[in-house]
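Pasting in a structure now, in structure tokens, and then I'll have a few things to ask.
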């Protein structure tokens, strides 16, 4: 591979060097952290607002509607207006709630999702931290959010919230298994848990193509299980609005509700990012063997756009699920996991190991 | 073996039904022509209600500010909700006879259930339904309307009142 | 914390009492269900009605028969036209007035359009209850042309008050037949989509099959009628067994199932839409010429006695009982509302199932709350 | 079975019943003390098997209270009206039929609520629509007055 104009590694390193040369190492670290933190906060907010808008537009088109179309052209400022509204809304105090936990819960949910995006590689050299156990870290951190959900349900002192929170607990405990196993399938293929290396391993072909059958099965299982993990789509039992009004966040209002709302969309973004990284080659452009001209054109598109494009496609898939299917019941949810997904997953893992051993993959 | 076949059948059959459902929603996603939303306040100019639409009761006046109501009160008697009040006055004619004439035709839009009986029973066809449907007001008192215009009078050549009720 | 512990007669230690409603997304109105839960399992349900009790029966005692009609609209607002017809048929039968054939045909067509519109609304709300939010818009989309047809002919979209004793308020609009025919072709194309999107869906099947079973004996004993009763095998279609208007002239099937679970209640309604289309097709081209009403006396006095008229509303058997003393208003009017009886069976159906199943059962019963409270 | 045959077959079972012919349905008039016996006979006799109670009405008549039961047989398709009148103006009481037809449970509660006829042995004799605690009177009685009633 020739020199890549989009390689940001050297650019990052030069900033790093500049800071450490001019400042004491402690302050340099602080400044670096602040820059990255602010950048991620901005990114977080923009992505969150965009996804809310996208979801509303997608579901509107599916439902033969127009969707938001009043604030700004095509309603693009609708979510910003909504967010301002949520900021200004009164936070209704719940007298009999457990105040400390009640106030803590939204922060846990949002911090968990915020921590997870730190390890995701958005482009060549464009990630905050490249852990050598990246997958493990992302999985562990992103499932911390359920603690916030459980706390919210418990501390609200509301019967519907409690039922919703308990459902959410049962759901995440079971589906964590499938998410993990489908990730392991890819780890077997890639031979590494470091996210940057997994992406690098897909330079000559995305895993969903090179790993053919088992990778495809793993992808489907990952999509189902991760949709369940984010409490979305047909698996939104924790907030099942027709049964539990709004489930665990029934009692939240104003900005605290906005935190839950934003975290839901960020979680969706995170699982879509993981899916992109593991199965769809991360920020790698689409290359077709033998088509040199085509590959060259593809290389011109910056990796960040490749990455976001793939992620949005995966997110669209999740939205499509949500707006098509009815909701499952709690026992059916668990049945799906333990009766279908887990056996298929284990079988798939063995198949993948076999494929890797016999070098059947491309 | 049968159990495994059944298991797989169940699995793939289930996936197939899910894909069928997704094909329906997917079809509409890529066919924005199927959108049926009406852009309401914008299409006010072109929005036309059907002729028979029961918007509110009105009393048509002709160019001479004349209406057809003889103040016979049949509509008032027939209204199930008491939303019509016909207030009449005795007017002395040139020939010395006194005649009952409409003073105020009061219509309580807030109590009206749009059953259409008043219009059906009116022997003179003096009241009709108009097609206006934007009834929202900030003050409830505005919903009590006077249907005859100020200074209006009875149109001549009105047939004799039929015996209805 | 003491005040959080609810004690009292009838409340067992392990029970978790949850109030579903009066404001709840899946009760479709102001119905309150007091549910005793054990975990997520429903132990028993106690319906509390009356949040929009308006005393229609009391009001009818001071209204003439023509004026009464507009109140029947407001009970089951989704089968407004059918409710109107019940009162009109009662008056006509009591006075032994033979209405023109044209009126019978038009009434039957409007009945079936009402039924289609109601079942479409039920379908979309049922999907929404189960979490498939898109169905809501597809159902409303298909209901819209029917409401337009109503609006063009009757002047109102929902509460039409189009029937009067002795006929109709108005003749049909010149466009009526054309529009109905257009709609039949349109909806014949759209109805298979309902099956693709929801009926066949494996999640819906799982959610509704063997949920809320009601045996035939129970259905009859509880008086569960309409599609809900026919799903249990109770042949209670008034259109078939006691034909009124033009129903004796059309050929249609009474949809009967045997199991009486939520899925059969669901399916009975979807199949009924096909039957409604069939009835419409048979009638729409054959509307005979004639008057749209017979001349009635301005004051209707029913001869002394008791009268009862049953019709098949969208949710079951709707009945009007009138006790007349020969006055111009009824001495006593009673409306037998299908939803009231259907609701009473909900405890029988839902006990032992999960709280999510209760939503499916309530949705498959298709309750309209104003009809329960009256 | 038409009304004539129905009348005959009922009379063959219990000849003491007072059956009149209305414009639509046969009407059996019974006294309150005979109600549960007659109702059980009508439901359980295999020739009659009136298993479907489709309407239950409470009436405040000028001199009595009446409860009107509209019954149909889902098997044979015939229908009749069972009517029980009680002249007790103070506390009218009638036996419940909710042990025979479950739907009577709610309908009797409605009658109790609106007309004020009490049903013996009813499993849950409470008001159903109006407020249990603070509603006074039974609105469908003719002597019921309320300041909010508008008379035209």
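For clarity, chains are labelled A, B, C and D in written order, and residue numbers in each chain start from 1.
The definition used in the following text is that a residue touches a chain if its C-beta (ideal position, glycine included) is under 8 Å from a C-beta of that chain, and two chains touch if they have at least 3 such contacts.
Note that this is a predicted model, so its numbers are computed, not measured.
The greatest centre-to-centre distance from chain B, using averaged C-alpha positions, is reached by A. Chain A and chain C have Cα centroids lying 45 Å from one another.
Taking each chain's centre as the average of its CA atoms, chain B and chain D sit 41 Å apart. Mean C-alpha position of chain A lies 64 Å from that of chain D. Taking each chain's centre as the average of its CA atoms, chain B and chain C sit 24 Å apart. Multi-chain contact residues, meaning those touching two or more other chains, occur in chain B at positions 18, 21, 24-25, 36. For chain D, residues that reach two or more other chains under the stated contact definition are 152.
Counting partners per residue, chain A has 62-65, 323-325 as the residues that reach two or more other chains.
Listed by chain label, the pairs that touch are A-B, A-C, B-C, C-D. Interface of chain D with chain C (complex): residues 22-25, 27, 51-55, 57, 59-60, 68, 70, 74, 77, 81, 101-103, 105-107, 110, 114, 128-131, 139-140, 151-152. Residues of chain C that touch chain A in their complex: 4, 16, 18, 24-26, 40, 127-134, 136-138, 141, 197-198, 201, 203-204, 206-207, 354-359.
On the side of chain A, the complex with chain B involves touching residues 58, 61-66, 320-321, 323-325, 340, 344. Across the complex, chain C is touched by residues 59, 62-65, 96, 157, 159-160, 163, 234, 236-237, 240-243, 245, 323-332 of chain A.
Residues 13-14, 17-18, 20-21, 23-25, 36, 49-50, 52-54, 78, 80, 113-117, 120-121, 129, 163-165 of chain B are the ones touching chain C in the complex.
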